[in-house]
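Below is a structure I'd like to ask you about.
Per-chain residue numbering starts at 1, and chain names A, B, C and D are given in the order in which the chains are listed.
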């Protein structure tokens, strides 16, 4: 169940995955971007962890909004406003119904798309969020769904974000933002939030 | 008559006029450009004077070429490569016939146009060089010809150089490079080079 | 239109670019309010929502042309715009060239329509 | 095409812009030779024929894309080009955006034709 506590634990697990894979994320970004996705997010989640640990957050909405502000303030790259917009939209939706994880994540996707204007198939984090939203809706989110979505970005040609400068040359590489979004949803699964 | 001595004297008189009118030229450039034409040329003619005074220049070609290199090296603005290209072309033509001032100045105009691609009527120094060349050819260069050419730039709309960013807003102001070119030709007249 | 009515904001991933572009513009537009935000909070490569907010607030105009280098700067700019009371015109035009054009035209008291028309031709994003 | 076969030259009126653009490009193109010339000989606003010559010479490539900010930089660049043995491709494209595009594509081993085609769309001068 999603509560202020499990939401904080979810984001904490996400932060741990980012920290563990910081070098890998930047390496992926080196191939088709500017090589900073890992360090951008590591900087962001560190600020997020500090805010979350400060405590005093009583609702899911509070937790998500606090995380959003930290990421917006600290990331420095495109992923900052994108994850930030996702979390702001998710916080707002959690204010409506903090138990409905599928609707909350869907609101996050809408936030990302409002900010970045990317559609499915443009080799961005959207290519993970879309199938995850679908799977959440039908109660069928699994590690495999996430992994397939992440891997699916490999053969895509980037038409949004920095990788789009490379055109055809972006094909054959995983999208770093898709990989980091994969961590977010793995952390969601592992946190048991979706269990009845 | 144009000789190494009178050519150096000509350029020296030009330098003096630039120094005297440095503030005015920059003020003109403030209205439709970036306000540095006077200081650009002052820097250039100072370097030119140093080189010319070092001596050892035996032909008109030597004098003009030395002046060219100094201006190219030091001016820093568009007028550097323009006056520089003019003087290089003039030096080359002087190598053919150092007495034929009309042909030498015409070569200078060609050099300016090769470099800057401006035609008559675009509110640049070309609008002074063209009528001066015509007057030199028919042996009728006067202060009035020069002054009319300079003043004529006032009502033109700039379509080349920095002033072209202003479009219609450039109308009503003298072109600074036209004014400085006016000084060059006044110095030519005053130096008695054209006298039989 | 007063020269102070319309301002210019420069956003870049690199502090030196943001500052340098403002300097270039100042040469041709000494009376125009030009503010800038470059780099992340700690001066690294990237953009900072906070720095952009500050640069918007510091601009003396309430109607501001905003120019940026790359897409991620744009997203931070958009977030800041949404939180500002000022009218920010986000331009998808060539950073240096279009900011210079706008600055020179504002300085010369050009009409807003005229400025917009000129900038349209510099759209590259 | 080797990454070192094609280089990039940045020319600006402002030293900080030239250096900053090179820094921005390096993030996405760490193996590409990028040299720059900004400001006059004495560090003022303008361009320097000498500095441009040096930046051309220092570039490791013999085939160099050259990007500039404003027209007077272009004229100095052209003079320097005429005196260099290298093949300099003078681009009338958006300085920051097109230099970034070229750098990213060279780094990714894109074909020269492809790079030229992409840059064509960024022509603003």
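Here are some notes:
Convention: a residue touches a chain if its C-beta (ideal position, glycine included) is under 8 Å from a C-beta of that chain, and two chains touch if they have at least 3 such contacts.
As the structure is a computational prediction, the values presented were derived from the model and not from experiment.
Of the two chain pairs examined here, A-C and B-C, the one linked by more C-beta pairs in contact is A-C. The distance from the centre of chain B to the centre of chain D, with each centre set as the mean of the Cα atoms, comes to 30 Å. Inter-chain centre distance (chain C to chain D, centres taken as mean C-alpha positions): 24 Å. Per-chain CA centroids place chain B at a distance of 37 Å from chain C.
For chain C, the set of residues that touch two or more other chains comprises 27, 45, 70, 100. In chain B, the positions touching at least two other chains are 34, 36, 162.
Chain-to-chain contact here is organised irregularly, matching neither a line nor a ring nor a star, and falling short of all pairs touching. A list of each chain pair in contact follows: A-C, A-D, B-C, B-D, C-D. Residue ranges on chain A touching chain C, taken from their complex, read 34, 36, 40, 72-78, 80-82, 84-85, 115-116, 160-162. Residues of chain C touching chain A in their complex: 40-41, 44-50, 70-72, 75-76, 78-79.
Residue ranges of chain C in contact with chain D, taken from their complex: 12-17, 19-21, 23-24, 27, 38, 45, 69-70, 94-98, 100, 121-122, 124-125. Taken together, the chain B residues at the contact with chain C in this complex read 30, 32-36, 162, 165-170. On the side of chain D, the complex with chain A involves touching residues 27-28, 30, 100-101, 104-105, 108-110, 114, 118.
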